[in-house]
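Shared chain: chain A. Partners: chain B in the first complex, chain C in the second.
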Partner chain A sequence: MFKELLIKELADKIFDKRFLWFTILCMFTLLITESVLLNDYKTERNDYNLRLLTQKEFIDKYAHENRIGDMLDIQRPPAKLRLFAAGISSDMEVNTFTNNSFNVLFPPIDFVLIITVIYSLIAILFSHNSFSGESENGTLRLILSNQVSRVKLTITKFLGGMLSIIISLIISLAIGVIYILMDNSISLDSNDLMALGLIFLLSVFYISIFYLVGMICSAFTGSSSSSVLLSLFIWAVFTLTIPNLSPWVASQLYRVPSINKFEKEVKIIKGIERDDLGRNLCKEVYEKYPDLLNIIKSAKDEKLLLAKLENNIGLKNEYVAFQKEIANAWDKANAIQSAKSENISVDFFSKVDRQIALTKEISCISPVADFSYAVSDMAGSGIHAEAYFKDIKKNFEVSLWQFVEARVAKIKKTDVMYDVNKYIDIKDRPEFSFREENVSGRFSATLSYCIVLLVFNALLYLTLIRQFNRMKV
Partner chain B sequence: MIKLFIKKELLENIFSFKFLIMFLLMFFSLNTAIFIMTKDYKARLQNYDILKPSKNEAFAITYPTPFSIFAHGLDDNICNLYQITFGGQIETGSQKQAINKIYNFFNTPDLLYIINIILSFCAILFASDLITREKEQGTLKLIFSNGIKRPAFSLGKWIGGYITLIIPIVLSVLFGLIFFIILAKIPFQFSDFIRLLIFLFFVLVYLAGFFSLGLFISIVSRSSAFSMFFSLIVWVSLVFIIPRSGNLVAKQFINIPSVQTIEIKRSQIFIKAIFEYINSHYEKSKIPQGIINQQNDKIREDYLNKLNAVESIARKITSISPASDLTFLCTDLCNTGFREEQRFKTFVIMFKEQVKNFDSDSDGNLVGDFTPFSYARSPLSDFFNLAMMLHFSILIMYILIPVILGYYAFLKFDVR
Partner chain C sequence: MLQAIDLTKRYEDQQLALDALNLEIKEGEIFFLLGANGAGKTTTINLFLNFIEPTGGKALINGIDVTREPLESKKYVSYVSENVMLYGNFTARQNLDFFAKLGGKPNLTTEDYYMRMREVGLQEEAFEKKLKTFSKGMRQKVGLTIAIIKDAPNILLDEPTAGLDPKAAAELLQILVNLKRQGKSIFMCTHDIFRAKNIADRVGIMKEGRLVMVRTREEFLEDDLEKIYMNYMQEMVIEKS
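After this line comes the complex of A and B, so read on.
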């Protein structure tokens, strides 16, 4: 009986004309989205390669200690699976006067949007009359008079309906993936395909939540017209309202000072205040070397000074000691002010972290938020993926700076007149290479969201059984 | 007879479950949006008071407009902190989206968003079974067996249904205005209320479009289930798919570098100019301000030309959707749209031109006597232009085409 009911439910849905229409719509939308996003990815990748080349050529020609940090800004390659989840825009990392504002008003379409909006709506439209429709037709009484338990009926209705949606999802997704694979400029390795598989699984968990909502409303109201309205109301609240409100509600509940104010304060601490302190410390050094200072001032240019120093070993040693003390004075000023700004930064970012945690907690009430976080992290374009890149980047920067410092120390030994604005040859510097996190790492990052989605499913299923047991046929 | 139909429609709808659900959804969404955005506006105003430039500070920043409560648009970009540094470089401050990344996943829940998405959803859903339901219940046969003319019935249905739809919207918006804006003492002037009235007028036209579309689908559909299904497909396409595809599709036509590339080039111009200046032992002929300014201007102009071309194509594509047209109209009306952002940035560039030759300290902060940056938002008269007329015409077309097609389809409608 279980098998028959399942086949009946599946056949009902598949041979419904709406199934054909929505499968065509989703397939068409996904195909266009993937083709556009694929081109966008290729452009981004070319742009990334161009950035690397521009940086390399520039550093080879103009590297100097003073501004080496600005030159060695590590670039992040675009994530391949960004084709499925746009996630956090890479533009957000850059503060620029010339930004593309269109994305602010109209965020780009992606697979996540197709699932969160179209498929969830379809799930509701397919399930809202699961029981009420049969009750109105009188078939529910007939089915239950055949010794079929209510639990078994809910399972078959749920599985049959979900299977039909899964078939549509597989068709759409497969066409999208085949289109991507046919393009030789991108290769999806086993890691990517596994991540795609998990994204598919997450999509099923997400869609089933709304399928269950439709079924519960159907059992609760007993009327198809009321059931569809109630389920669409719940859909609108959980899909369109709660997730969008969450960051704003969190920012009201837990205030963080403005980032502009914080940046201005840090700039003053590391700028004007640092300079004042540095100059005061240097004054103390100047007072210790009055004669040397007069010699430096009287020398018309660097060459004359160098000649004087070469002729007088004592003076040269004094000059080296003087330079070292001046450098120490500035290092001290930098260290004091950096510690001050670090304190402010720690305080500011701890508040930001608390606000982000609160935002996540509020938004997790909505399955849309859980799904979006999980899929973007799985695709390598989410918050976790960004943190992963920053970790790798930080480790590389440490080794890069060690290399630069060693090179500077070597140059200083041979060049007495070295200063931070002189060219240094670092053509043999270590190269940065980045591989996206493996799928197990991504999975463990998204596990909590998967669990929340599963808990939603379990709770809704229990509610469904309770509600259906109370339903009068 | 029309009056009678309007009355029947109103009474039937107002006491329905559908009306209750929609009223709750609209009231909750609209008032939450107004409340949240009012709070956000006040916080941003405080921020502006802290950051506004004093004399000799080369900062460009403007106050947030109270209209950002209704259409937030690009107000975060407009109210960002811009600093003019050595060589006329424009340094841009970070935005809250850069630190709390979760903002990137969701839309700003302002009044415009609620209207654009949720109210259009309610409008099309509300109308999607107005005719099919009567057909399924058999009342349509009864009505027309009494010698009632179809045009009078369809007009009464449209007017009655539409009035029922806008009652909760007007009530919710009025409630929100009184409780959150007047009581919160938001500085609204008389001219601002005119702006607000135009805003509401656009909203009513927009919703009339979705209502007409829903009614048309209801006329041409065989059953309520199909009508609702197709209405929702049309809604998803017009509200989500077309507006969100525009920018991506436009980028396929014009190859535009990323902002990261532009920033790298900008940074390299500065580093190279300073490096060459220092290593030429401070030769006056190589003073770098002019070089930095000139080269930055060129990069910015090239990029902006390409960006404007992309935006122009994207605007044309997205304009097919009434949701985009409403966004363009309302953000421009509220001074938070593309037009205002471009105007503000032109003022920043003018300010940069004024201070570009000033000397700077070791951190690039300009030193000298100059008038602080000031900016006033566009007057209402600037809003009325050709682009606005075009977007408004498209909104009107979304009412006229379904109404005309629906009228003719209804004349041939089989009521059995």
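After this line comes the complex of A and C, so read on.
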């Protein structure tokens, strides 16, 4: 009986004309998206390779100790799976050779957007009349007059409907992957294919949330027209309202002073306050040398003062000690104010970080945010992937500087005239190479989001059972 | 056999939909339940099918308590509703096949389906046609075919003649007589007093959740059933006003 109900539900959806139109729409949208993103990827990769070549040529010719850091600005190669999840741009911190401001206004559509917007809407349009439609047709009473429990009916309706969407998703995704593989400039290895498989699974978990929302609304309202309106309202709250409101809510819950106020405060600490402190500390020094100060004041100009000092060794020594103490006083003032400014900076940026973390936590109430974080991290274009790259970059920079320092030490042994502006040969330096994190690492990073998506599914399914049991058939 | 013992349903808003109904419909009997809208006829069917839970008493199908063993009790009952739309995008065959399997008849052949369809007066040409092309009368016949295919000893019908033309309604009632001859217990809720007079073995009148009268065929043919029914309805109108 389970099989019959499942097949009926699947057939009901697949033989519906909407299924065909939705599949064609998603297929073409994905193809267009892939075409645009593939073009972007190639441009970015060429841009990256060109930058590497320029850096190499430049550093081979002009490697000065004080300029190596600027010359070797390590960039991240574009992630291949950005073709599916654009995520954070790999060159967001640099100017590309082909900057186009329209990309900011109209970011490219990717697979993530197709799932979060188009497929979630399809799920709602397929499920909003699951029970209300059957109730209106009189078939719900007819089904339940047989040995069919309500729980069994909800399971088969959910699985049958989801299977139809999964079939559509597989067709669209397969065509997208084939299109990419047909372009010889890119190859997907087993790591990429596994990540794609996991992205597909995440998509199914995400879509099923909206399928369940549609089913719950159908059981709750008992009317298809009310159900579609209620479902779309919930969709808008999840997809648009929560992710967009989360930064504002976080800023209200955890306040951070404005950047202008912070910068002004730092400027005062390092400017007026430092000068006042320096002058006060100098005053203490002046009080220790009253006679010397009288001599300095009585000297009409610097030449006369120098002549006096040259004639009196004791006075000269006293003057040197005085100058040193004055310098120390200013150093002390600088150190105190720098420490104070550093404390304020640390405090400010930790507050900013906390607010960002809070924004992320609040946005996770929406499955859209969980799905987007999970898929972009799985594709190697998300926040975690960025942090992973920065770690590798940092380690490389440490090893590079160790190499440079060893080379400089070696040169200094033979060249007594060495200074930081002199060319050093570091052609045999370690080369930076970056491989995307393996799938298991990416999966661990996305596990918490996957769990949230599964919890959403479980809670919604329980709500569905409760709601359908209360529904008047 | 269908039995209601002190069967009561009070909704959450305290409205009494069914008040201690006691009723027994034997094998090979056609029982018509008459009553105005909201009298409690459909509530009675809903309770027999366990679509709602009773607040008192019990409903038994072939001696099985429908609240305690809802799935088991449904083996022994078929249901025909007022408005049988079925699945419009599926053909008659696909609809029959689906509901036959749900009704525990998974191995029926096309010939079996044809035979049942002929019983209700459906032509074989209709077998592969989509339900959305069918008239209401034809769909109702498909609904009845589904009930016949299940071959359950009890059949519940909720105003099946509503909206049917006189010819189709007469055909449908003839089918019920044939089913009665096969030993089925038939419980039909209706407003159609004239049809009741034609084929019912017993008639009950329901008023505001209470079964206020039950007459056997001999009794209601002797009395004027129409007059009795109208009297009850008039009383109700006077009480309300």
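Here are some notes:
FYI, the second predicted complex is superposed on the first by the 368 of 473 C-alpha atoms of A that agree within 3 Å, B and C clash if a C-alpha of one lies under 4 Å from a C-alpha of the other, contacts with A are read in each partner's own complex, and residues count from 1 in each chain.
Definition applied: a residue touches a chain if its C-beta (ideal position, glycine included) is under 8 Å from a C-beta of that chain, and two chains touch if they have at least 3 such contacts.
Just so we're clear, the structure is a prediction, and the values are computed from it rather than from any experiment.
Between chain B and chain C, B touches the greater number of residues of chain A. Contacts of A:146 after superposition on the shared chain: chain C is touched, whereas chain B is not. By the touch criterion stated above, A:36 is placed in contact with chain B alone, chain C being left untouched. In the superposition on chain A, A:113 makes contact with chain B only, not with chain C. In the superposition on chain A, A:425 contacts neither chain B nor chain C.
Look at A:137: by the touch rule set out above, it reaches chain C but stays clear of chain B. Using the contact criterion defined above for the overlaid structures, shared-chain residue A:1 touches chain C, although it does not reach chain B. Taken together, the chain A residues at the contact with chain B in this complex read 17-18, 21-22, 25, 29, 32-33, 36-37, 39-40, 43-44, 47, 50-51, 54-55, 58, 62, 64, 67, 70-71, 73, 75, 87-109, 113, 117-118, 121, 125, 129, 224-226, 228-230, 232-233, 236-237, 240-241, 243-249, 251-252, 255-256, 258-261, 263-264, 267, 270-272, 275, 301-302, 349, 352, 355-356, 359-360, 363, 369, 372-373, 376, 383, 386, 421-423. Interface residues of chain C, counted against chain A in their complex, comprise 49, 51-52, 70-72, 74-75, 77-79, 81-90, 94, 98-99, 101-104, 143, 146, 150, 156.
Interface residues of chain A, counted against chain C in their complex, comprise 1, 4-5, 8, 11-12, 15-16, 136-139, 141-149, 472-473.
Looking at the complex, you find that chain B touches chain A at residues 17-18, 21, 24-25, 28-29, 32, 36-37, 39-40, 43, 47, 50-51, 61, 73-74, 76-77, 80-82, 90-109, 113, 117-118, 121, 125, 129, 133, 224-226, 228-230, 232-233, 236-237, 240-241, 243-252, 255-265, 267-268, 271-272, 274-275, 278-279, 281, 300, 303-304, 307, 310-311, 314, 318, 324, 327, 331, 337-338, 341, 345, 348, 361-363, 365.
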